[in-house]
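Lettered A, B, C and D in written order, each chain numbered from 1.
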Amino acid sequence: MVKRLKDIGFGLSSTKNVKRFITEDGRFNIDHVNKKSMFQSTYSYLIRITWIAFFGYVLLAYILVNTLFAVAYVGLGMEAISTYHSPSFFENFFNAFLFSSQTITTVGYGVLSPSGTAAGILASFEALVGLLSFSFTTGLLYGRFSKPKTLISFSRNFLIRPFENKSALMIKVMNTSRNILIKPKVDVTLILHKSENGYYKPEYFNLNLERKTIIYLPTTWTIVHVIDEESPLYNLSKSEIADLKAELVVLFSYYDDAFNNEIYDVKSYVHEDLKMNKKYTKSYGYGEDGKLMVDHSMIDDLEKL
Amino acid sequence: MVKRLKDIGFGLSSTKNVKRFITEDGRFNIDHVNKKSMFQSTYSYLIRITWIAFFGYVLLAYILVNTLFAVAYVGLGMEAISTYHSPSFFENFFNAFLFSSQTITTVGYGVLSPSGTAAGILASFEALVGLLSFSFTTGLLYGRFSKPKTLISFSRNFLIRPFENKSALMIKVMNTSRNILIKPKVDVTLILHKSENGYYKPEYFNLNLERKTIIYLPTTWTIVHVIDEESPLYNLSKSEIADLKAELVVLFSYYDDAFNNEIYDVKSYVHEDLKMNKKYTKSYGYGEDGKLMVDHSMIDDLEKL
Amino acid sequence: MVKRLKDIGFGLSSTKNVKRFITEDGRFNIDHVNKKSMFQSTYSYLIRITWIAFFGYVLLAYILVNTLFAVAYVGLGMEAISTYHSPSFFENFFNAFLFSSQTITTVGYGVLSPSGTAAGILASFEALVGLLSFSFTTGLLYGRFSKPKTLISFSRNFLIRPFENKSALMIKVMNTSRNILIKPKVDVTLILHKSENGYYKPEYFNLNLERKTIIYLPTTWTIVHVIDEESPLYNLSKSEIADLKAELVVLFSYYDDAFNNEIYDVKSYVHEDLKMNKKYTKSYGYGEDGKLMVDHSMIDDLEKL
Amino acid sequence: MVKRLKDIGFGLSSTKNVKRFITEDGRFNIDHVNKKSMFQSTYSYLIRITWIAFFGYVLLAYILVNTLFAVAYVGLGMEAISTYHSPSFFENFFNAFLFSSQTITTVGYGVLSPSGTAAGILASFEALVGLLSFSFTTGLLYGRFSKPKTLISFSRNFLIRPFENKSALMIKVMNTSRNILIKPKVDVTLILHKSENGYYKPEYFNLNLERKTIIYLPTTWTIVHVIDEESPLYNLSKSEIADLKAELVVLFSYYDDAFNNEIYDVKSYVHEDLKMNKKYTKSYGYGEDGKLMVDHSMIDDLEKL
């Protein structure tokens, strides 16, 4: 029998507006309030964002920090960094900004250079700040590189379709690389929201799967849950499933041969992602030379039965 | 039956002054004497301290090393680094300090530059020291970043309260992030100190838990040990527990989906942390938009039954 | 009985030209088409290539980027970076290239230095680019270092030879280091292609092994599959095995004591690698001083029975 | 019964001069001949050596590389890097050496600076070499830091002594840090060399242990193998054990809470390390304030029974 995961660790509260439990980017769909701001969150954030956003922040920080130091150098008087003192504030500020950038990057051409106690100390401190910042950036860059990347992708939709005289729920995953993925394992949890006194109450079901693990994943694998009498989906229509605000949480793991790491991936489907009575289009095949090919553009393709 | 962990690996000696076994920061409460100072301990220390302390040490080391080199340059005579020789010792030292900082950070403006054999070699060596130090700091920074951070927090108190016609010991943990924590597991050891000939002798008990693992930990989880006839806490009052100098050692582990790492965390409670006949205030709920919210400020809140 | 791995996760399509399933460098022999180019693939690529190729790319990138910046500086007019303006375009370009390289590496001698708004900003930006690039390179270098290296090698051929009144398939592995390899484990999958309507259809067999694991691997280990009635290779001749386009996939894992890592390695043999009725030459022995020696040049040696 | 590990994976050859199987620094005592020199071995070597040796190599490499570049600059003529040309070869070489060091560390004061095509290109290349070398060093330094360090130490001797009406072999390990070591596990293999036709033939025995694992290791743990009728050591005297060239291989593992890593450690004892009828001196106790203390200087201490 299917275990009802009363105590799966999910909150049991209910609400009229049911939100998805896990977001599309694989995080809990939860607001944290009164959280003490943590340095670690900033690090996690800078690891997670796109490369464009990352370099945007780096450039922004570079301009900002140089501006701050430039203001300080201008405050000390231009004679502190240059033999040339322009009457134009902007020109002075600009030279101070250049001096600051030459100091923080440790280029130090020397045409602009500090003279006097205050400028000397400030420049000495700025060079330290520069080196630490770039150590920091190196750490962040390597953190971004070494973050284990999932090498699989899930088809956009999950299916319910006739299967061997019964019906079955199906989910398709694809190995998106040539890396040898060893012993992939899968675990699927279904969340249904029953209505009670005008509130929805989530219930959690661990779905029986035809097969929970395989040895290698070279191309694609279609995960199959047979909808028999014991399935919580037994005899449910698409609209009934929509009314129950069904959500599927897929926990997928495998050993990545190239990086020697056990990788976990979590994917969530909501009822809008369900297609009835379709099948996945086969997205691999053999080329003319007999070599196996995988077509990434076909991972989401469906076709009539 | 509860196993008596006679041989859990804990020392069996006893003393009149019972100290906690594990400190609040999750290390053994043990003094190591005659320990050979190890480089590795220094590294561990620099990884463990706060960011403020870390940058404090960096700044201190920067000033110290520059001072040492400055003394050496002054010793070589100011003509070794500058065309300008001040009669003031302080001004010379200050210039030497600036030259040292410009060398060690590899800024090298060139206004100050080495001339002569000794200063040339020393500056050449100092630049190497500088680069190695910043390589070192980069390593330390990344070591600090990549140290697996625990993403859970424990409630300040543990409880003993009525529970289903019996009483139970309870401990509450919270996921402090939106990361998906997979398959959290818990293991609780109770230490009681029995008095014998005026000495306390520790005894170790592995507590039976209602549930040792769940699938996901999205918000909070209350760990429950039912105090039945087999529990070492059966029929003990708060003052009896205090007399036995009770300590709870909680070993918690989970798989962190974002960093693909199995994380362990150890938490220790002493008898002063026990509250009787209270319950944990629910610290998550639904906002007006139906989205789940976790309130970090409520993790320690207790309320009347 | 030997399990027929119908559902091992391998594609079941067939073709007239059978290609090997796993390439010699341990990746799936699959073409990925319509794959979105991913930054991560570039990183994986730069981690995987040889050191010579790696440094070749670095040098190429260095020349390319400096050329681009040099063109920009020449475009701004030579007075922007130098007091000396040559009538020769090439000489100007060359000086701009040197200035660029002095800026991007943050050497900054100062003989060439930016003057004017545009050159100042560009040089300031180039120094940032330089530092980021070298942070990047540091990350890549450490990624290359820390990529777990497999410390075993496989003999070039696999054997089928008489063994204890039967015959057996044998594969030899060698520990190529002095690192203590703990608990090596092995798993061998055989792929045979049966002909059907002019097409080959792959079948997968998990081979029974005499021993699947040992405690330590100090020198060499010969993996043995006894070919009895249950073996898919029972009574097959070399030419029949060739007709079936046999491929062996060996999944090998062990714990590396020096790097504290579980390492996986996948090796594929095709039928051309099969030698009949030979045995592996023993590739270790004792020197005159009684010390065990392993001879790397003998790993592939075979001899008559 | 004790399993005879005929097939433990150890070589079965024999010799008159028996050498220890595993060296004191925890590597196989094996000579590798005809091994292709591998970059990876160099990396492993630089990770393994002491800090003093490491910095010695860095300094040596620094001097060597600068010497090579200095020779090249001198070859180009001193006017290529300096306005000052000394008649003394040594002085010129020294200036070229300083210029090289100022370039490779990217200090670039500018007093010495390249002029002309060849020197410009060479300096431009040297600065790249410098940055790559320091990226390299950063990678090595972090590799050294992050190499999992074992936090336990073994007592210098192993014991055979009376124990509960029988005798027992004992090995003592100590947690040398305050880190919480979770679930230490141990596995002991005994190697005996039986004499046959004037040759010694090693035999491998997996020893039964009183206890193979404990929950935490706060101070010390004495591993006990009871020498009963089934033990290969039954009724053997110290001189018989010496004649059999006994060697003990201890495989120890635990989970390190501070670094979230499973750590393995291998220790080998030879028969010279055996002490009969002694006991380990207790090396921890309570201070006056009741706090547990571990005395590192006592780990090797033995006393009379």
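Heads up, the rule we're going with is that contacts are C-beta pairs under 8 Å (C-beta built on N, C-alpha and C of every residue); 3 or more make two chains touch, one makes a residue touch a chain.
Given the structure is predicted, the values throughout are model-derived calculations rather than measurements.
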(request) Tell me whether subunit A and subunit C, two copies of the same sequence, contact each other through the same residue numbers or different ones, using over half shared as the line for same. (result) different
(request) Give me the rotation angle that lays the C-alpha atoms of subunit B onto its copy subunit D, rounded to the nearest 5 degrees. (result) 90
(request) Please determine the option from B-D, B-C or A-D whose contacts repeat those of C-D, over half of the contact pairs being identical by residue number. (result) B-D
(message) From the centre of subunit D, which other chain's Cα mean sits the farthest off?
(response) A
(request) Could you give the separation in Å between the centres of subunit A and subunit B, each centre being the mean of its C-alpha atoms? (result) 27
(message) I'd like the Å distance between the centres of subunit B and subunit C, where a centre is the mean of that chain's Cα atoms.
(response) 39
(request) Give me the residues of subunit A that touch two or more other chains. (result) 106-110, 138, 142, 146
(message) Building nodes from the protein chains and edges from chain pairs that touch, which of line, ring, star, complete or other describes the result?
(response) complete
(message) Per the contact definition, I'd like the list of subunit B residues that touch subunit D in the complex.
(response) 5, 7-11, 13-19, 21-22, 26-36, 39-41, 43-44, 48, 103, 106-110, 113-115, 117, 120, 123-124, 127-128, 130-132, 135-136, 138-140, 142-143, 146-148, 189, 206, 249, 251, 261-266
(request) Give every residue of subunit B touching subunit A within the complex, in rising order. (result) 51, 55, 58-59, 62, 66, 94, 97-98, 101-102, 105-111, 134, 137-138, 141-142, 145-146, 149, 175-180, 182, 184, 211, 214-219, 221, 255, 257-260, 284-287, 289-298
(message) Can you tell me which positions in subunit D touch subunit A when the two form their complex?
(response) 106, 108-110, 138
